[in-house]
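Two complexes, one shared chain (chain A), two partners (chain B, chain C).
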Partner chain A sequence: GEMRLSVAAAISHGRVFRRLGLGPRSRLDLLRNLVTALVRHERIEAPWARADEMRGYAERLIDYAKLGDTNERAMRMADFWLTEKDLIHKLFKVLAPRFQPHPGSYTRLLQIPNRDGLDRAKMAVIELKGNP
Partner chain B sequence: FSCSACRASSDEKPGKFQPPPKPVIIDKLKQIEERRFLSPEFIPPRGRTDPLKFFIERKDMIQRRKVFNIPEFYVGSILAVTTADLYAKDKVNRFVGICIQRGGKGLGATFVLRNVIENQGVEICYELYNPRIQAIEVLKLEKRLDDNLMYLRDALPEYSTFDVNMKPETRLDHEEIPINKLQVRMKPKPWSKRWERPKYNIKGIKFELPEKVMKEAQKWSQPWLEFDMLREYDTSKIEEKIWKEVNEGLKK
Partner chain C sequence: MATLVVLFSPLPRLRGLLQRCWGRLEHGLLPGVSGGHSSPWGPALAVQAPALLPQPVNDTSESHEAPSLLDSILWMAAPKKRRTIEVNRCRRRNPTKLIKVKRNIDVCPECGNLKQKHVLCGYCYAKVKAETRLIRMEIGKKEGGPFNAPTVETVVLYDGEKPTEKDEGKRIIERPRKRPSWFVQN
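For the complex of A and B:
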């Protein structure tokens, strides 16, 4: 017989998206809840992996918001990504003008000590820059 | 054509010469500039490769284009390609077909031409920058409703037959390539791919399937995909830069 001399390694070969939740729909729903929470509270604590995924979506959402209130596509994106409808108003009226001068990164991601519970998960704080 | 006639109509002092009004050429120039076509293989794919590789490839592509003219064409236009062939009688091989897909980026860019010859469907995949290609002529320039006409394999053969000795169609206007909104009828059901599924997003087939089957196919739709912002690849700025680069390269 022949032995397997090398260990099978899990290589993702250039995949950019992490596998969160139950599936692709679940992953987007999870990230959507986090984005809504970020827009509402402007600073949240979450597991590091989720915060990292969420960062990209939050920044693209703000780029869409910068396109303006009247833009049909921007409105549909905001409608999908923010589950609480009063936050759409906050996004377009408060956050878009606040980040108008900045061309790029609107969020800050910092790691905090591991979670207190049994799982000791790697936690992070994600906040929008310029929050009060 | 005499000047005296002009002077009589102007009714001014006989010595004064009025120059004829300048013809308005500005509009046509603007229109030609507005329609720019950058061949899709110039746009680099999204990834972690070094832009230097794409730069070098683009230099080579421009070099080839200076020597050999690659016309503008889209998926759905009918082309005739002549390649050098050692074992053919005249050393050249001419194939006429409709372009069903354009794949690859950089120097390996390909296009697949399909035609039905003597009741046999033939598809040939040519590389745009292959030095064996002697000439590419566009017999009919038009666009179709989809980017990928692979479903023509499962359509009735009449939609893929084109006359081999077709004459090139001259296009007078320098704008607005016509979009052929043809809805293709298909052969009975076992198809090579399930074209009714929303993943393929085909608009150019006239589905004569029962409602139940269409509803069943919608089960595979992923409505969240269009809202997934990180999948979008915005090429407008990249295209601008590459357009300038290519134009400068071709002018030299």
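For the complex of A and C:
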């Protein structure tokens, strides 16, 4: 890889991860809540930046789930990322077989026209392919 | 000896004169016009115009803080001349070019509303959202408690539809209305 010549300045060239919420912990919590909601409801409205961040995490989670129920790492990942424990069952038993034939890209991200009330934020819809 | 005496005698007078001048300088800078030396202190007055008004109140306090005012003679930036309306117009109208015209507005083929090209149609999305809300309410009624996500897939059936061969082990959500045109059955 490239040299990390300690660019701690106000330049953010090439940074892939956005800064959401109050800090890194808060950002992870936010994304975890969104992932849980997506697995529960299969279609989520959220601000576009959060949905974009969440998309990568969700797809990697499904890849972990595809490894199988018995896999210890997969189970630990699912345990961390899904706060509602019945959704772990749903992830392994419903979503893994559903996305088994597809190699990747299990989510769809589309922009909604009307932004939020008063703050006019750019909203987006994330949904799992396969519909309710 | 005589020269020394002659030199000594004007010195204390000079020093006294210098002291009195310096005292007048210190006190003369602060009150300003009322000191009477308006012409040599003209530019100093223009610089310290804001200090004119509070001067009768702040006289005693200012005499203690004279060095701080002398240091802060550099003052803040201020416009020298009024900006003419032509200059103002050039600044306000040119570079930002006054809200760019949007060319990416199209007509939605389904409902005929206007939409941006890369964005979903608002009306159609509102319809989808309302329908999903009703479906989720049905799911909620079927599940009962808060954390009862089922471990099987779900199928939504509308009026007059029967579960087919593919919908074997899935749980069925019934909706007592006609199938909406945009909802494609897999």
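Simple rule for what comes next: the second predicted complex is superposed on the first by the 119 of 132 C-alpha atoms of A that agree within 3 Å, B and C clash if a C-alpha of one lies under 4 Å from a C-alpha of the other, contacts with A are read in each partner's own complex, and residues count from 1 in each chain.
The working rule: contacts are C-beta pairs under 8 Å (C-beta built on N, C-alpha and C of every residue); 3 or more make two chains touch, one makes a residue touch a chain.
Here the structure is a predicted model, which means the values were calculated and not measured.
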| item | value |
| --- | --- |
| Overlay on chain A: chain C relative to chain B, clash or fit | fit |
| First, second, both or neither for A:18, with chain B first and chain C second | neither |
| Which superposed partner A:77 touches (first chain B, second chain C, both, neither) | first |
| First (chain B), second (chain C), both or neither touched by A:86 | second |
| Which superposed partner A:102 touches (first chain B, second chain C, both, neither) | neither |
| Residues of chain A touched, compared between chain B and chain C (which is higher) | C |
| Contacts of A:56 with chain B and chain C, given as first, second, both or neither | first |
| Minimum C-alpha separation between chain B and chain C after superposing on chain A, in Å | 24 |
| Chain B and chain C footprints on chain A, overlapping residues | none |
| Touching residues on chain A, where the partner in the complex is chain B | 14, 16-17, 24-25, 28, 56-57, 60-61, 64, 76-77, 80-81 |
| Chain A - residues contacting chain C, complex | 40-41, 43, 84-87, 89-90, 93-94, 98, 110-114, 125, 131-132 |
| For the chain B and chain A complex, residues of the former touching the latter | 47-48, 222, 224, 227-230 |
| Contact footprint of chain A on chain C as seen in their complex | 115-116, 118-122, 125, 132, 135-136, 147-154, 156, 173, 186 |
